[in-house]
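Labels run A, B, C and D following the written order; every chain starts at residue 1.
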Amino acid sequence: MEVDSAASAAAASRPRTVLQMLVRNSSVWFGGVVLAVMLLTALLAPFMGTIDPSNIDPIYRNKVPGTERMLRLEDGSEVPIKHWMGTDMLGRDVYSRVIYGSQISLVVGLAVAVLSIVVGLVIGLVSGYIRWLDGIVMRIMDGLMAIPAILLAIALMSLFNAGLGTVIFAIFIPEIPRVVRLVRSIVLSIREEPYVESAVSVGTPLPLILIRHVLPNTIAPLIVQGTYICAFAILVEAILSFLGVGIPPEIPTWGNIMAEGRILFQIFPHNLLFPGIFLAITILAVNILGDGLRDTLDPRMAKRLG
Amino acid sequence: MLYFLIRRILATIPVLGMVALFVFFMLRLTPGDPAAILAGENGEPHQIEGIREALGLNKPILTQLTIWLGNILQGDLGESFFFNKKVTELIAMRVEATLSLAIVTLIITLAVAIPLGVLAAYKHGSWIDRLVMGFSVLGFSVPVFVLGYFLIFILSVQLKWFPVQGYKELADGFWTFLHHLILPSLTLSVIYIALIARMTRASVIEVLNEDYIRTAYAKGLSNKVVLMRHALRNAAVPIVTITGIGIALLIGGVVVTESVFNIPGLGRLTVDAVLGRDYPTIQALILVFSLVYVFINLLIDLSYTLLDPRIRY
Amino acid sequence: MQPVLKIDNLSVQLPKGADRQHAVENVRLEVLPREILCIVGESGSGKSVTGLSVMGLLPKGQLKPVSGKILLQDENLLEASEERLRDLRCTGMSMIFQEPMTALNPVMRCGDQIDEVLSTHTKLEQKERTQRIIRIMEEVRLPEPERLINAYPHQLSGGQRQRIMIAMALVLEPVLLIADEPTTALDVTTQSSILQLIRDIQHDHQTGVLFITHDFGVVAEIADRVAVMQWGKVVEFGEARQILSDPQHDYTRMLIGAVPSMKPGHREREESSQVVLNTEKLSKTYSERSLFRTTRTVYAAQQVDIELRRGETLGIVGESGSGKTTVARCIVRLIDPTSGEVFLDGNEIGQLRTGQLRPYRKRIQIIFQDPYRSLNPRRIVGDSIIEGATNYGISREDALKRAHSLMELVQLDPNSLDRFPHQFSGGQRQRICIARALTMEPEVLIADEAVSALDVSVQAQVLKLLDDVRRRFNLALLFITHDLRVAAQICDTVAVMSQSKVVEYGLTHDVFSNPRHEYTRSLLDAAPGKDWEFDLSLNTHG
Amino acid sequence: MLKKIATLAITTLTFLASLFLVVMPASAESTLRVVMHSDLKIVDPIWTTAYMSRNYGYMVYDTLFALDSNLHIKPQMVGDYSVSEDKLTYIMSLRDGLKFHDGAPVTAADVVASINRWAKKDGMGQMLMEYTKSLTAVDGNTVQLVLNKPFGLVLDALAKPSSNVPFIMPERVANTPADEQIKDYTGSGPFIFKEDEWKPGDRTVFVKNPNYKARSEPSSWMAGSKAVNVDRVEWISIKDHQTAVNALIAGEIDYMESVPHDLLPLLEADPNVHTGVLNPLGNQYMYRMNHLHPPFDDVRVRRAAMWSVNQKDFLQGVIGNPDYYKECPAMFFCDTPLATDKGADIMMRSDYAKSKSLLKEAGYDGTPIVLMHSTDLNVLANLAPVAKQNLERGGFKVDMHSMDWQTLVSRRSKKDAPGKVGWNIFMTSWQSLDILNPISAAGYRSNCDKAWFGWPCDTTMEVLRKAFAEEPDPVQQKAIAVAIQERAMDYGTHGHGGQWLGVTAWRKDQISNVPDAPLPVQWGISK
C-alpha cells in the first residue's frame, strides 16, 4: 500500500521519533486498522461467503435482509444461501455486491491518490525549480482548476466509454493542479533553505538537489494530501455513479449499488443503507488516518489543507 | 489597486481561453451524437442526418470552433440544441435557484462553522474540540446524496416539516422561498461546515500562538476579547481563502443537491446538458462556472486588503 | 526602600520528559522603584520564564509555578485570581517583548492597540483617551502621533514599533515594567535610542524595571543591579558594577570573558599576500515590473569594490538591510549580480552561466547564520559533509576519510558522522557546517552572520575555530556581521555598508579608532557597553 | 466578527423578506400539476419523434382524424369526409368554428401545409406521399387528397396516433423547413402553450384554450370531446422517481404519469392516491440485433439469440409484478385485430440447447457481442443484464457496454463495426400506439441502409409490407400481418420481450375524471 511504504520511507530518515509518534497516535491506529480491514475484505472478497455479485435472479428481486433461498449453480445443483443484506432489484445478493464493491472503491481511491501525486509531484518539482516553465505550467493548472472538479469529471466521463480506467482518469485529472500547487509551494520555500543553498554552493547538480533535498520534504505533506485525495476520490466515484455517469452499473461499486437502490430507498432501504455505511466508514477511516498522519508528519499542513 | 484589478482581469483571459478550447475539443471527441438524441425515440436515420445538417455538426471541427469563438467574442454563447433558446436565456432562468442555494448554504455554513471552529480552537484538546473535529471528519465522509435522502425521509416525509422537493422563486414570497431552500442548503452545508470549522480551528490555534496574542493577554484583556478581537480577525485570511476554495466544492455539491431536491438550477442543467450532448449549453456552462470561479478568487484576493492592512496590491 | 517586586523562592515545573525538572528553581529577586534590574543569561537559562511568571502568562498546561511567592507591592500574584491578574496587567505591571514586529497585532491600528489598554482598565471617554494616547506617544518620542495613531504596525519601523509597545506598557503608569530582550531584534543604533528611552522614562515614572537580556553590553549600559541565571537558577545577584568588574561565580566569569572586546586586537598582516577575490562595481538591483507602471527599482547593493587576500579576514559590517548579505550571495552566485564583476584569482565569475561556473564553485564556500536550517534534517551529517566532495568526483571512502579528519579538526567526535543534525546543538551544527565547507578545500570562505544566532559562550568558541582554520589553511575569510565587537576581534580589514553602499573601507584598527564616515561613527557610538572594557583583567578596579 | 456576521445575516434576511414578502393573491384558478415521465425538450412534434414532444403536441395541436378506444379511426378536426368509389380521392372538410390560439380560423391551406411538413419527416407520411398525386385546398375548409394508386392506410396515416403525429399548424408555421425547428407555437388544440413561462428542464405551462371547440361525442382516447376542465396545467420535471412519489404523497403534485412498479406499495398505502393503468394496451420490449456485422449478419445466430432469451425473465427482471406484465406471442400486441401467435415460440421460452447448436452450426467463433445497456431509464435499465445472463447461457460471449439512454440512442445510429463505436444488440421499449401495424412499427422495415437501426435487408419482408400497405381489406390485411410476423421471426428482424403496463398515479382527493388513453392526456380532468 502506497501510504505505508511512503510512511516508512519518511520514517527511515528520522527513525525513532516518527515511527514512535505514528504508533502512539490513536487516529493513525484507528484509521489504519479500519482501512486494513477494508483492504482485507476487498482482497478476500471471494472467500467471504459471497456469491457471484452479478448473478441475476428476477424471481428473488427486492428481498429484505435475512431472506433465505436456494441458489442454483451452473452445474444445476442447489445450495441454500442467506441474503444477509437482502437482494436488489435484479435479485442480486447485496452482501456480495457490497463486499466486491469495496474492491472498486479502494482501487479508485488508491489509484487516484497515487496517480495524482506522482504526476503532480513531477510537474510541481519541475515548475517550482525551473522559473521560465513555471509561468506556463501554472497558467495551465489555473485553467484546469477553474473548472469545478465534479463538472470536469462528469464531462470527462462522457468522453470515453464508461469504465474503471475512465473514472480514475476523470477523477485524477482535476486533482493534479491541487497537488502541483502544494508541491510547488513546498519547493519554493525549500529552495530558500540554507541547506539547499549550501548544496548549490558545493556544486550539487539540479536533479540531485531536487531528489536529495527537495523531494524528501514533499513526502510527508503528500502522504497526508494523498489520504485526503483518496477519500475524495472514493466519494466522487460514488457521486458519479449516483449521477449515472460512473462505472458501469453491472460492476458492483458502492456508488452503483446506492444509485440503483436509491429509488427504492423508502421501501427497501438496505440497498442504500449497507453500501452507504461501508462508504462512510471507509472515507471516515481514510480521513482520520489523514488527520493522524498530518498531526504526526507535518503539523504545518493544518494550515495548508484545512 | 486599480492596476492590480486590470492585471488580474487581463490574466483571466488566457485561463478562460484555455478552458474554452479544452471544453470545445473535449466535447467534439465524445462518442455521443446530439442529432441522434434530438431525433427522439423513433428517430430514423434520414431524420438524424437532417438534424445534423441543421445544427452545423457536419462542418469541419475547426470551422465549428471558429464560428463558436467568433460568436463568443460578440457576446453570443450560442443556442441550445434542445430548447430552441439562447443558452444565455437558459442560464438566466437557472441562475436564481443556484445562487439562492449557494448563498443560503453559505450563510448557514458561516453561521455554524466559525463559532464551532473558534470554540474548538479555544478549547483545544478538550472533549468539545474532539466533538467538533469528529463531526467535521464525519461531515466529510457522508456523501451528500445519502445525507439528502435521509433528511428528506426524516424531515419531509415523516415529520412533514419541509417540502419534499422543488424550488420557489423569491418572487413567490420570502418564506416560501426559504422554506423550500432550507433542507437542500442544510444538506449541502454539512460538508462545507466541516471544511470551514476545521480551517477556522486550525488557523485560530495558530494565531493563538502568536506573540501579539500574548501581548493582548499582557494588556489584561479577557479571553473573549482576545479571541474575537485579536485571534479571529487575524485568522480571517485563511478562513476566507478556504471559503473560496470551498466554492469550487460547492459547485460540485450543487449538482448533486439539485438532483436530489429537484431544484431547477445550473447544476441540473449541466447534468442534463452533458447527458443530452447539448454542446453549446455545456460549453457555455463550463465557461460560466470557470468565470464565476475566477471572479470569486478575485473577490477573495480583494477581500484580503480589507482583512489584512499589510496586503496591498 | 520597599521593593515593587519581590520574587521569593520561585520554582516553575517543566512538563514531564524535559531535560530538567524545573524551568526555574528557587529564584529570589527583588526590583526596587526606579531601579533597573537586569536578568542576564544564555538561552534556556529560565530568564524569560521568570518574567512570564510574574505576568501570569506562562503557557497553560506546560509550565506551572509550584512553589514560592511573587509579590507585587506585597500582593502575592501566584495566589491572585485570574480576574485580579487581568486587572493588574498594564496597571500594576507591564511587559514588553523581543519582537516588536510580531508582538503587535498586525491588523489593528496602533492607536487602537494602545486605546484597548485604556478602555479595558479605565472609564475614560473616547476624547480623553485619545488625548492620553497622544501624550504617551509624544513621551516615547514618536514623531507625528496624530498620524501614527492611525497607522498599522507594518507601516512603522522596528524602533517605532517598540516605542508603541513601550507606550502601551506605560500608559497607565505601572510600578513594574518587565522588558524581555526588548532590543535584541533591533539594529544597534535603534537599540541605543530605545535603551535611552527606557532609562529616561522609567526614571520619570518611577517605574521599577526587570530587564531580561543576554547581552552584557546592554547590561553595562543600563543595569543598576544584575541577576545572572544559569539552568534555571540565579547564580549571582548584585550591583551591576560589582558583578561586571568582579564576578564571583565561574559561570559569570566565563560569560563576561566571552564578550568580545571593542578594541581590535593586534593582527599581523602581510602586505604581500595575494588577492584571491575581488569585486568591481558589483551591483544587485531588484526591479518590479508591471504592465502599466514604470519600473520601480530597489538597490540591494551598489558599486561594491572589495578585495580579499589569502590568509586574511575581511569583515563586512552593517545594519540589517544594508546589503552585506547580498554581496556575499552574489559572490557565491546564489544570486546573479545585476552588474559588475567578481574575480576569483583573476577569473571573472560574476557573469558565468551555471555550467561554466561549476569548476569555480568548490573554491568559494559559505556558512550561513541559522545552524538549525543549514543542514538537511533528513540526512546524516556525514552525507551532508561529503556531498560536495563526491560531486567533484572524489570517492565516497576518500571523502569519508576526509570528513573524519575534519570532524576532529572542528573538535567533534568523528564517530558521530552517522547522526542526524537534530542530535547536535547549535554550536556543534555550525562546526559541522564549517567542516562541510572545508571538505571542498576552498580558497575563500564566507561566513554570513555565522555566529549571530549562538549564545555568547558558544560564539567565542566558533569564532576561535574560524580564525584557526583560516590560519591553518591560509584561507581568505569574508566575515559578514552586524556585531561590531565580533568584527573588531576577527577582521583584518572591514568594509562598513550602509544603504547598499560601502561607506568606509580600511584596516580594522583604523576604522575603529579613527572612523571617518559619519555613519561609522554613529555605529560605533551606539554599540552598547562601548565604554566598558570586558577584559576582566583591566576592570578589577573599575 | 461573529456578532457582525450574525447581524449582517439577520439584516440581509429581513431586508430580503421585506422586499419580497408580497402576499400572492389566492388564486381561484385551478392548476393541474403534473409530473410526466420525462421533461419536455423540443417543442416541435414534427421535428423530433420524442414522446414528450408528441405529448406536448396533443396539448397544443389537434389532428384531422383520431383513434378511439376501440381502435377505430374517428374524424377529429374533420367534420365530414368522403372517399371516392375507386378509393383514390379523399375529400375532407373541416368542422365549423375551428380557430387557432391567435384567433385566426383554421383553413384548408393550413392543413395542406401541415401534412406536407409532417410527410417530409414521418415514415408513414413518406409512404402516403408515395401514393399521393395531389393534396390541395379546394376552398377555405375543404381539402382534397388524390392518390395515384390505392393505399389502404390513408386514414391510418392521418390518424397516426404516435410519433410523428400529423398535427395541424398554421400555414405560416408549417412552411418552416422540416429540418428546422418552429419558433411559433400557435396551435388550435385544447391548451395554449405559455412560452413565456416555459422553463426548459423545470416546468412547462399550458392554459386552457377558451376558444376550443370540442366535439360533441364523449371523449374516447384521442377522439371525441377534448373539453378542458382546468384553467392551467403545469408539467413539472422531477427526475428522481422517489422524489416524485414523495411529492405526490405530500400533495405537491396532482398527477404522476409513470410510476416505477417497485414504488407502487408507497402510493397504494396512501388513501388519497389512486394508481391505475390508463393505457390498457401498454408497451412492448424489443431487442434488436445489428444485421450489418458478424455474428448477427447470420440468420442462425440471430435465431440463436432469440432462443436464448425469454419474455418472462425480462418482465420479471424489470417490472417484477405480474399484474403489470404479460407474456404475449403477438408482435402487433395481444388483444388487437392483428394479434397472432404464429411463429412466436422462439420468443416465449429459452432453449439454450437449441441456441448452442445453432451457434455451432453457424460457426460462431466466440467473439463477444456488444450488448448496449441503458442505465438511466427505469423501465429499461434491467433489460440488458437479464439478456446478458440469458445469452451467456445460450452460448454467447457478451460484452455489455453500459451507458445512459442518450448515449445509446446516439450509438445505435452508428453503422461502424461493434467495439468502440458500433454495437451488436440493444433493447428498447415501444408504446403500443407505435407498433400496431407493420407500417408504423419501425422494426419491420427491411430496406437495408434505409431501415431502422439494425438495418435488416430482406426483400421478402419489404414485399409483404408493401402488400399490407396497399391492402384495403381488413381481413386480408390480417393475413398479411400474420405472414409478416412469421417472416420476422424466421428472419430475425427483431424480437419482442413481452408486454408491460405503465402505471399512472394521481391524487384522488384533488382531481377526478382522469381519462383512459394510450398516451397521457390532460383534457377532461377536473380539479
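Throughout what follows, a contact is a pair of C-beta atoms (placed from the backbone, for glycine too) under 8 Å apart; a residue touches a chain by one contact, two chains touch by 3 or more.
Given the structure is predicted, the values throughout are model-derived calculations rather than measurements.
The chain with its Cα centroid farthest from the Cα centroid of chain A is C. Set against one another, A-B and A-D show the most C-beta pairs in contact at A-B. Rounded to whole angstrom units, the spacing between the C-alpha centres of chain A and chain B is 23. Distance from the chain A centre to the chain D centre is 44 Å, each centre being the mean of its Cα atoms. Here the CA centre of chain C is 86 Å from the CA centre of chain D. If you average the CA atoms of chain B and of chain C, the two centres end up 49 Å from each other.
Each of the following residues of chain A touches two or more other chains: 158, 161, 244-245, 262, 265-266.
Residue positions of chain C touching 2 or more other chains: there are none. Taken residue by residue, chain B touches two or more other chains at 31-32, 149, 157, 233, 259, 275, 277, whereas all remaining positions touch fewer.
Chain pairs that touch one another are A-B, A-C, A-D, B-C, B-D. Chain contact summary for the complex, chain A toward chain C: residues 13-14, 193-195, 197-205, 208, 212-213, 216-217. On the chain B side of its complex with chain C, the touching residues are 3, 6-7, 10, 210-212, 214-222, 225, 229-230, 233-234, 307-310. Remark: chain B residues 14-16, 18-19, 22-23, 26-27, 29-32, 133, 137-138, 140-146, 149, 153, 157, 195-196, 198-199, 202-203, 205-206, 238, 242, 248-249, 251-253, 255-256, 259, 270-271, 274-275, 277, 282, 285-286, 289-290, 293-294 touch chain A in the complex. Residue ranges of chain A in contact with chain B, taken from their complex: 139-140, 142-151, 154-156, 158-161, 231, 235, 238-239, 242-245, 258, 262, 265-266, 272, 276, 279-281, 283-284, 287-288, 291, 302-303, 306.
Contacts from chain D toward chain B in the complex involve residues 1-3, 5-6, 9, 12, 16-17, 19-24, 39, 41-44, 47-51, 53, 121, 123, 162-164, 178-181, 183, 199-203, 236-240, 242-244, 246-247, 249-250, 252, 376, 404, 406-407, 409-414, 420-421, 428, 434, 442, 449-450, 452-453.
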